[in-house]
Each structure stands twice: as C-alpha cells, then as structure tokens.
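Multiple structures are listed underneath, in structure tokens.
Both of the next two complexes hold chain A, though its partner changes from chain B to chain C.
Entry: the complex of A and B
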C-alpha cells in the first residue's frame, strides 16, 4: 500500500495490474462501512471540483476527515491518503493533490469489502 | 486499523471481536460533538455496543444550547468544528453550571502543543484520531471512574441515614426499609449517586425509564415528589431535592445548622 500512497505515475501504472484488495469487516459494521465508502466516493468528486477552483480549504477539510475516520472503519490506507491530502492542501501543491486524488480513486476501485 | 490481523497480503480483518470488551460497570449518557457524520456514526456504534447511550451534535453551538436543558455523564469532543472550535466549547462548559462535565477530546490534531492546551484548558483526556475502539471505551470508562461517577460502581451506598443495596434493590432509612416501586428505587439511586449534580429531565427519564419510553413531565414530577416524601429528602432532614426551572432536579445535602435559601432559578 505504500506504493499507492506515494502515488507517482510509475506507481499508478503498476497499480493497474494489481489484484483486487479484499478487506474483511465485522458484519455489525456493514451498514456503516457501506455508507462511509459511499460518502468518501462523493468526497472525491468534491475534491475534484475544489481542485478546479483552487479551493484548498475544502480539500484540507476533506483530507482531515478522511485521516480521522479511515482507520477506524478498517482502512488505514484511507487515513494515510487523508493525511497526504491535508498536507498537500495546506502546501497548496496542486501536483501532489492530483497524484493523491488518483491514488485514492485507484485504491477505492480495487477495494472489495466482505462482511462476516 | 483496530487490532487488524493480516490473513494474507491482500485479505485483512478490520475490527476486533465485539466480545473483546467487557460489559460496562454502568451505562453512561454520552454526548458526542463531531461534524463528520461517518466518524459520529462509528463512535456512536462502538459506544452503544459497549452499553452506553449516545446523543450526537454536529455543531458546538448545538451542544451548548442543549446543555441549557440537558445533562450528560461525559462529552466526546472534536476540535475542528464548522462553527466554533472544540476548545471554545470546552471553555464555555467549564465556565457554565455544567463545569464538572467530564470531557474527552477526540481529534485528528496530534501536535503536542494542541494536546497540552486542551488538557490545560480542562479536558480530562485527549485521543488522536484515528482512535481504536477498545481504547476509546476504556478511556471513557476510566474518566468516569476517576470522577464523580465513582459512586456508580458501588453496590452498597451509605449516606447519612440512608443505606441503599443495589443488589437486593432496597433502601433503608434509619434502619427501616422504605417501600418503593421499581421506578422509585431507580430514581432514588440516581439522585443519591449524583448528590449536588444537576440532572436534566431528559437524563432522568432516559436513565430511569429507558431511552424510548414516553414519560410526561407530570409523571416524572410525581415520582420525584413521592421519593422526596418517602425518603424525607427535605431541609428539616438536611436534604433538598430541588426542581430547577425548565431543566430538571438536583439533590443537595444541606448543612443541618444553616437552612439554605432557594436559588432564584429554582422553584
């Protein structure tokens, strides 16, 4: 997962051939996890829109929330992505933000959650 | 991840077994101030699994307003909120009539000076997100044990002329058993475990009748009046079970030699 978090172009190409990432989560969290992941996918649209208008504060807040919540739901990678998004937004680093956005999208597209 | 076990490089588990936490010594009424809905849902889920009752506020001002009419056993407070900061919430609570409310900060702010500032402003503990479920519950319960809720752990309460046995559910007054209904017993225990603490009507209703019960104010007042009479919680006996206008009740132990004048906000 470290390669994904770093998110450079070579990593993205390599990730295209990476297998599905399956995460097992306790059954009692099924509703919450599904709702959480749906919200995070919506957040990616908001990050994309905010990037277009250079609204770094919105991206910082989204990154901050992702950093705080990801690991609690069983996705430490999302917490790491959130921290990276927050840092890049504070630094107003558009290139890093685009790379992180692509990395999160890639992670979520590979993710399969099973409940037991 | 919460004690995650890596089964193989691409398959992992996300949460510890729900059986890993013991049942709480006592149910707490927990206020959660958290603007991220996912985080709020997760904290609520964990705490309710642990046997506590949660009330969520997505703004600091919403909690401050609620505290005019509600009381809680503990507050879980985020720092970054859309309206006022968690530290401002903390300062306002410490300057209010609910100044003793135990507060646990749960925030993604991890700088040492943030932690120090929150603790110096009066937070009881501080956790950096992402938090782990069992640790969160353990810390909350530890704060409660350290604080005024220590009495809630006790099976036998001995106060003045009263002796309360929570196992046999009996109350003795001057060595004589006081006949109480089940609800009156629960109400008596709630007050006797919280002497001097202002309890909101919502808090009393939820603790004695349960979170979903429909109990009118008149019913609650009737029960309070009944235990006041049966237990003799009156100024001539050194006690006062005072109604606080538009809020709830507070049981006070008075200095026997000096009868106290009612406050202007009490009826």
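Entry: the complex of A and C
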C-alpha cells in the first residue's frame, strides 16, 4: 500500500552492523506510518511482558493484529512476523516466541523509512 | 430509510487498520463513519444508513458476526463486507451466512480496497436511481 520503492540492503559502515532496509513511502502517509511503527515498537514491550507471565492470549492478539496491518502499511515482513507470533502463541511455544520477538526487533532496528 | 450512497462505516477494533482504511477512503472522497466494536457498529449503521459497512468479524463487546446478523434482522440492506484474515473455511462461511455480502481479506491493500469500495458505492448509486 505505501511502499513505493523498497531499497535493497545498503552498505554498512561497520561490518558487524546489519544492513539498513530502506522503504520509501508516500509523503501523504507519513503521519500514519510513523504512528503505526511507534505502536509496533510499544507492542514489542507488551510481548516481552506477556512472555514473562506466559500470557499467550495477549501475544496471540498482538500477532494477529500485526498480521492484519503490516502489509497494508507497506511492510509485508511485519505481517509475516505477526502470523508467526500468532502461531507460536497458539502453540504456547516460548522458544519460537522469543525467536520471533528477536526477529521483529531486528527488522524494526534495520528499518529506515523515507517519505516523498 | 434511504442509504447514504457515499458513506462507508469502518467497524474495526484494530486502531492501525481503522486509521489506514479510513485514510484511504477519505482520499476517495468517501464520508467515513467509525466504530470500534460490534455494538457501536450496529448503532451507527442503523442511525446513519451507510451504503457499505466494512466489518471486522473479531471484535469486542459484540462480534462482527452478531452485529451483521442483528443488522440484517433489523432491515439494514446496504452492502456488508467482512474484514477477515480467513478467505475460506468455517470463519468465512460463518461471515457469509451471518449476512455479509462478500469477504475483504486482510491484509488489505489500497488497490483492492479502492476497487471493492468503488464497486459497492456504484451499485448503491444505481440502486438508489432505479
């Protein structure tokens, strides 16, 4: 929906830094996308807290919502992560949940969104 | 009561999707009504009579399934599209048997949303004219 150009990994200045993933989005959607990504970063904290108390239903719900929204905002990777989180929560698979949580964190840390 | 042929109700508890869909609809020039749960969706749809309802089926207070069934029972005749991740299977069948006209699968892309909504609103205009 939003990504006009999805850039490939850029050169990193240091070899041990994961490459940046650049996504270009319509300027018109800047406020919406920034708010969406801020909420997703907050969701990571909620998943961490829910994992600590084995609250799988909260994680399932967060995963389900991410699955439904990610691609619409131009981030199909987030929809895929959401689906994986939802599946792992239903299976009550803590190891898979931790792996998915780390994967989402890594994706968001690599993501650079430009608007035009 | 006549349907409002250029208004669409977005009934969705996921704030991200609600914001994105309503933004895209406003860009189409559509008057957007919002609801965060099934009960509110039913109240707004009966009061405002939008031409189209986009109904998430998995919502708090009252599910989309129950809201759609209640709307149909109370005579709402506009189009209702189920917003659901399920394109087939029991959930999809339940949505259609509750009274939805069609499914609009998540994730929702802007092109698909625009096409489906434009078609539904065009039908509403034609229906009002005939």
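Definition applied: the second predicted complex is superposed on the first by the 98 of 116 C-alpha atoms of A that agree within 3 Å, B and C clash if a C-alpha of one lies under 4 Å from a C-alpha of the other, contacts with A are read in each partner's own complex, and residues count from 1 in each chain.
FYI, a residue touches a chain if its C-beta (ideal position, glycine included) is under 8 Å from a C-beta of that chain, and two chains touch if they have at least 3 such contacts.
Quick caveat, the model's predicted, so the values are computed rather than measured.
State whether chain B and chain C clash or fit side by side on chain A once the two structures are superposed.
Overlaying the two structures gives a clash between chain B and chain C.
Just to be sure I read the superposition right, which of the two partners does A:36 touch: chain B = first, chain C = second, or both, or neither?
Touch partners of A:36: chain B and chain C.
Which holds for A:81: it touches chain B only (first), chain C only (second), both, or neither?
A:81: touches no partner chain.
Check whether A:20 is in contact with chain B, with chain C, with both or with neither, and answer first, second, both or neither.
In the superposition, A:20 touches chain B alone.
After superposing on the shared chain, does chain C or chain B touch more chain A residues?
Ranking chain B and chain C by residues of chain A touched puts B first.
Identify the partner contact of A:72: answer first if only chain B is touched, second if only chain C is, both if each is, neither if none is.
A:72: touches chain B and chain C.
Is there a shared patch on chain A that both chain B and chain C touch, and which residues make it up?
In the superposed arrangement, which is not itself an observed complex, chain A uses residues 28-29, 32, 35-36, 39, 64-65, 67-73, 76, 79 for both chain B and chain C.
Which stretch or stretches of chain A touch chain C in the complex?
Touching chain C: residues 1-2, 28-29, 32, 35-36, 39, 64-65, 67-73, 76, 79 of chain A.
For the complex, give me every residue of chain C touching chain A.
My answer: residues 14-17, 19-21, 23-24, 27, 58, 85, 106-111.
Which residues of chain B touch chain A in the complex?
Against chain A, the touching part of chain B is residues 1-2, 4, 7, 10-15, 17-18, 36-39, 41-42, 45, 49, 80, 107-108, 129-133.
Residues of chain A touching chain B in their complex?
19-26, 28-29, 32-33, 35-36, 39-40, 61, 64-65, 67-76, 79
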